[in-house]
Amino acid sequence: MMKRVMALLVSLFFLLSGQAVMANDVSKGLHVGNAGSFTGDAAAPCMEIFNSSQLAVDEWNARGGIQGVQIKHVMGDDALDPAQGINVARKFTSDELMYGVVGPPVSHIAQASLKIYGQSNLACITTAASKPELTDSGYKHFFRVNARNDAHGWNCALFIKKNLKAKRVAILNEKVAYCENMAQQTIKGLKKLGITDIMNDTIVAGSKDFSAVLTKVKAYKPDVLFFIATTAPDQAIGVRQAKELGIEAIFFGTEGARDKNDFIAASEGAAQGAYVYHFSPDIYSIPAASAYIKSYEKKYGSLSGFGPPAYEAMNILLTAIDLAAKDGNISRPEVISNLSAIANYNGILGFPVSFDEKGDLLGGATYFFKVNGKEFEQVAVLTGK
Amino acid sequence: MKRFKPRIKIGPTSVTILFFVLSLAVIPRLLPDNYWQSIFSITGVYVMLALGLNIVAGFTGLLDLSYIAFFGIGGYTFAFLCSDHFGIHLPFLLALPICALTAMVSGFLLGLTSIRLKGDYLAIVTLAFAQIFKLLLLNLDAPINITGGVNGIYAFDQVTLLFINIVTPENYSVLIWTCALLVFLVSFRLKASRIGRGWNAIREDELAANAIGINTTRMKLYSFATGAMIAGFSGAVFVSFQDSVFPNNFDFQQLVIVYCMVIIGGLGNIYGVIAGAVVLSILPEILREYGGLRMMIYGVALVSIMALRPQGLFSAIPGFTKLVKRPDKDETGELRASTDLYYSQDKDETDVKRYTKQAIPLLEIQNLTLNFGGLTAVDKLDFCLHKNEILSIIGPNGAGKSTLFNIISGIYQSDQGKVIYKDLDISAYKPHRVAKAGIARTFQNLRLFNELSVIDNIKISRFCRTKAFFFSAIFNLNLNKTEEKETHETAKKILKMFGRRLTGYRYDQKVSQLSYANRRRVEIARAMATGPEILLLDEPSAGMNPQETGEITEFIKELRDRFGYTILVIEHKLNLVKAVSDRVIVMDHGEKICEGSYDDVAKNPMVIEAYLGKKGKSGNQTNS
Amino acid sequence: METKPILELKQVNACYGKIQVLYNINMRILPGELICLLGGNASGKSTTLKTILGIVRPRDGRVILNGETINKKPTNYIIRNGVSIVPENRRIFPRMTVLENLEIGAMHRKDKSQVKRDIEAMFELFPRLKQRIGRQGMVLSGGEQQMLAMARALLSNPSVLLMDEPSMGLSPALVDQQFEIIENINKKGTTILMVEQNATMALSIADRGYVLQTGEIVLDDTAENLLHHSGMQTAYLGGEL
Amino acid sequence: MEDIFGQLSQQAINGITIGGVYALIAIGYTMVYGVLSMLNFAHGELYMIGGFTGWWVLQIFSINHVPVMNAALLISLMIVLSMAVSALLGLAIERIAYRPLRKAPRMNLLLSSLGVSIFIQNFILYFQGAKVKVFHISHLIPEGIRTFHVGGVVISFMRIIVILACFFLMVILTLIIKKTNIGKSIRATAQDIEAAAFMGIDTDKIIVIVFLIGSALGGAAGILVSLLFTQVDYYVGFQAGLKGFTAAVLGGIGSIPGAMAGGLLLGICEAMAVTFFPSAYKDVVAFAILIAVLIFRPQGLMGERIREKV
């Protein structure tokens, strides 16, 4: 019921704001964009996002597209440069046949281009940008299938205190918006929970050598080392070098580390007993995802944690577009209101996806895993309590 | 032969400006959508950035790798001044100059520490500064949040100009291109001014620039700061357009792109640089959908352009440079020999004042000594140069003659002794102060500004006699107008003394295209243009044939007789020495071995020995 | 029967960029001769040497070394085939020891055992160098550097040795010594082509001489004749004949 | 107190390892600068290529991460092949991108090398993907000797290999430079290219050899680091290149012992800086040292001061 009201309200909002809502004939063509940093520093996770979205688009097209129209998936590379991110946004919003975008996955680029997408009512579903402010800014077009940092941070703090029974915590974070915010939210949570022995320092992603800062961690003698980096390979190096240095603290990694190849296998045993959190259950343990995993791995090689949400996001976006195109005409606000109305979408992530009024994932939980042998074992699910 | 039309160019023609303004008005309306309008705006920002870098790297030849940091300083200053971040909300038109000034001051301070470093070392230090700057942007969010760290700063105040809210890309493109036009005009005015000429001189030959009276350290600093100011200005406009600012905006890669624009456009070539900026801003957009392939193409293009068109893609395309037909070639392409032997058309005037040597000492060298490692290049030298005298210094190679010139002109510092000019002790003067005081020199191995035209080479020399500073040059105030006119006329007047060899179409010829003898003449003309009292001529006739030597001999005499210069000349050709000298000093092994009139000196057995070597092995065997 | 020249220049013209600096140079150097090349500044002496060495490419004409035309050969080929040079300003490798400098001179030779003996021979010729054997080139005095440069050049077993201003920057006493050594080397059988400013001194030890003026050979005679040539003084000093 | 001492010794080990690698990279920069007076921005990419070659060798010669041959042999093979591939690439770069520009202005050479760098990086991105390549090395090192404890200091086996290999290569290079004819020719060419030609040295060939050696060392650094940190991706060259370059300048560009000293100094300074400052500032410390050295000693620590000729 709430959903319906929401959808109505959103439609009303557009009508009142006087935006020219031009509906297009579907047969003119359907474009969906993919904004991301496909070259430069963050190319690896972004390409995984692109490939997964491509997979979803291909599947839709194989099924005959939408209303018989084949969907075109357009790449918008911003090279991790916000100025180029704006160009991508302008390009997408100026494309009259573009009805939705997956991305941008990098928080600061999402921030830079938020307004442009918003002014043109072009729906965006990010799969990784977790900075809280993005959905707090009042724009209605921005959705995310990942949880926000503040929710995760608090859950992680709870987990460190209750499940890992830590008294002294070292937090290392990479200098990017997501990791930085995650570290701050966690520290905030820990302090609230009465843990004040916290060491916080930074790492440089991609430098592949964290031994100097880990030596410092070792001297601090923490119970838990919360290693906040974006990608699995960096965390694999972290856990490996921590082990080598003889750091006894429990290694606790982030979402990105839930990756059997690039974290467990890459650390060659060093990750044994380490913990990671994720916003979804283990993708390999979800029956619904097996087809996706199979076709992804067949086509693009190994999969980390960034692909599945992108696949899901593209499917949700296309579902909304499909719905909007039912009558043969389609407009951007229609897509947005359909997205807001998405309720309990059951895809491959292992939990039903719904969005709240801001566009955030509804009821986002944090799942905790422990590395055991070659597998992740789910040990806890926290929802802020 | 087409007559040379005297014209002082201080800015683009009104047609060019009209063209720009029209483009500004029309292009945004022609662009299909917001996307292309936004590309158009970003292109404008890059044009500004590239023009700014063109001043530093193109005009002055400094390899400044911190340029992007000034772009960032401008951007962040704007973010501080026009957002909720610090709660300061300055109006756009006030914030803009503050940003530019902040960047300029930073550039100036940074320059102070490193401007003395040469070439690659300057590049490295500036690169290190740029890296530090970026790290500070990333990390200065704790303990006090200054830069916003990785989150950057976003949501700036809306820009309102003349009651128009600048919101849409179309508004912005007009705003940005107006700014770009401003930068273009400033850049053009500067290039055509004495300041621009000074920078060009530094790029071509720093030492020679210093020796004709340009304070090279200071001018390099100004160039650095001007570049920084333009970068800061563009930075402010840019972040306002982006409505957010992040450390990633100021990556090394960004700098590389701007450098590519400048180099592909052709260093120092304003129109070329603009074209380079436009092409390189639009090309990546066309290739955007191809991800990695795009950058591969970029790389290959860069390498091939460097190999195939090292002067830049737009260096010789009609419309960007003038192609001048050489009037000294006949129909078959053979060089037509100049038959003009005289240095001055109007030498027959009878009532001109003739100067002769006066018994007033003008330049005194006292006990001058300089050691290079183990070698004493100049050894306790004493002599005096009188007003309106022509004094020749002769001696074998390695006798220390050129070293003496280098000491007088301030390039070397002597170990002992003094150089007194009038009542001034100029021993410790830097070359530009010596030149300004009134002593000009030529170089034995020719140090002309080879890529510049003949007339520009001469005009540069007026630097130390003119005053127009940035403000005056940019706004072309009266001071600048008079000085430019005066500079142009003086340059022409001086070149005229050399007859057709250096006038007419030769005004605009590049010095590197001249014959050796003509380059010698330009070198002398350049020294004369600094308005000196004393001329130090280092082998003025080297590389000239007998006819030309005769001509230059006459000319040197005329310089004193008619124009009243006091001349100290190093020369090997004794018939020249004989013809011009009031007195001759003979040097050997850094010492003065003899002094007197030419005839006295020529008869002196010691001179014959030093000059022609000892007669066989009859000399004493004094093995050490 | 005429002896075959070691080095011969035939109608050589050379340019720096667009500017012609050598005009129709003809030279013949016979085995065992000591030739000096005289002329004022910028008269083309050094350019002649550079042309022989392949640094400046002649526009036309031929440079012939031991019967082989070497116009188009790279410098290192010419050096390996019997030309050796004591460059102007000596050009000692500043951060190498005396011994290393010498070894570099002989590096392209195949007869390594002979090289050792030749280096010893050089130390006999220049005892000063032996005392400085481990010193770096840059700390040597001008005279020592000159000796080193000569020894280095001789070690490549040249069939013709070029010398560019060997007396430049040396004190008078050292200049005397220098010429004595040059004469000695020549007497031992090395053919020498020497560019010199110190005309009288050079002619006093040379067999023949060429006088260059603005890129042309204006005099070509035996040293004896040149020394007493009436126009020699003005010619050499750059005046008109 | 003991704690900080333990930490410092550990940091010294960290610093020496990474410093050794910086030194290897710096040597390539410095050698090329010595003969051509140009900064070869593409050098960092040779380092990256070294890492990738090593990964392929490991991949080809192991099944399910278990090597099919003797571990020592495999490691040597990886190092040798990485050096070979990087060296060949270095040669190709010299021939294609630099030789045609021998007489062009310096800034053009610089940009050409940047172009090469951009190309190689994106070529690898395109054909090898952006994903990190992981080295599975646990089967290369026997269980018992993976780490050694000396007091409170931990040294891993790979670290020892890297340190030894770096120093071995540096010693070999020093011997080559000091003792062999090639080495002497290189030094002569670097000190005075024209005088070297006067000695019958084929300076073009020497330039090629310099690229060969410099690139091979860059490749060696690449594979050594990859073995140590077990990963390589297309982007590692930029950061490594920047550090190697800093080290070369710190030591005095053009001086080979300077590059070695500069690399070690930089590595150790960085590691020590982390002990006393937030680690985010370690690069600030490194660059600040560079600036300070250049301002007070413009020719670098071991460089030669050259007097300008008038």
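Think of it as A, B, C and D in the order they're written, each chain with its own count starting at 1.
Here is the rule we go by: a residue touches a chain if its C-beta (ideal position, glycine included) is under 8 Å from a C-beta of that chain, and two chains touch if they have at least 3 such contacts.
Computed from a predicted structure; not experimentally measured.
Colleague: Decide which interface, B-C or C-D, involves more C-beta pairs in contact, and give its chain pair.
Modeller: If we tally the C-beta pairs in contact for C-D and B-C, the bigger total goes to B-C.
Colleague: If you average the CA atoms of subunit C and of subunit D, how many Å lie between those two points?
Modeller: About 43 Å, centre to centre.
Colleague: Need the CA-centroid distance for the pair subunit B / subunit C, whole Å please.
Modeller: Computed from C-alpha means, the inter-chain centre distance equals 40 Å.
Colleague: Could you put a whole-Å number on the gap between the CA centroids of subunit A and subunit B?
Modeller: So the centre of subunit A lies 54 Å away from the centre of subunit B.
Colleague: Starting from the mean Cα coordinates of subunit A and subunit C, work out the distance between those two points in Å.
Modeller: 76
Colleague: Residues of subunit D that contact two or more other chains, please.
Modeller: In subunit D, the residues touching two or more other chains are 122, 125, 278, 280, 283.
Colleague: Do you know which subunit B residues sit against two or more other chains?
Modeller: 138-139, 291-292, 294-295
Colleague: Could you say which residues in subunit C touch two or more other chains, in rising order?
Modeller: Correct list: empty.
Colleague: Among all the chains shown, which pairs meet the touch rule set out at the top?
Modeller: According to the stated criterion, the contacting chain pairs are A-B, A-D, B-C, B-D, C-D.
Colleague: Given the complex with subunit D, which residues does subunit B contribute to the contact?
Modeller: 57, 63, 113-114, 116-121, 123-125, 128-129, 131-132, 135-136, 138-139, 207, 252, 256, 259-260, 263, 267, 291-296, 298-303, 306-307, 310, 402, 406, 411-412, 443
Colleague: What residues of subunit C sit close enough to touch subunit D in their complex?
Modeller: Subunit C reaches subunit D through residues 53, 55, 74-76, 79-80, 84-85, 87, 91-96, 100, 103-105, 107-108, 152, 156.
Colleague: Considering only the defined contacts, which subunit A positions touch subunit D in the complex?
Modeller: For subunit A paired with subunit D, touching residues are 38-41, 43-44, 46-48, 175, 201-204, 206-209, 211-213, 215-216, 218-219, 231, 233, 236-237, 240-241, 244-246, 261-262, 265-266, 268-269, 301-302.
Colleague: Quick check: in the complex, which residue numbers of subunit D touch subunit A?
Modeller: 3-4, 6-7, 10-11, 14-15, 18, 122, 125, 129-132, 134, 136-138, 146-147, 149, 154, 156, 225, 228-231, 233-236, 239, 270-271, 274-275, 278-280, 282-283
Colleague: Would you mind writing out the residues of subunit D in touch with subunit B in their complex?
Modeller: 33, 37, 39, 96-97, 100-101, 104-112, 114-123, 125-126, 238, 242, 245-246, 249, 253, 278, 280-281, 283-284, 287-288, 290-291, 294-295, 298, 308, 310
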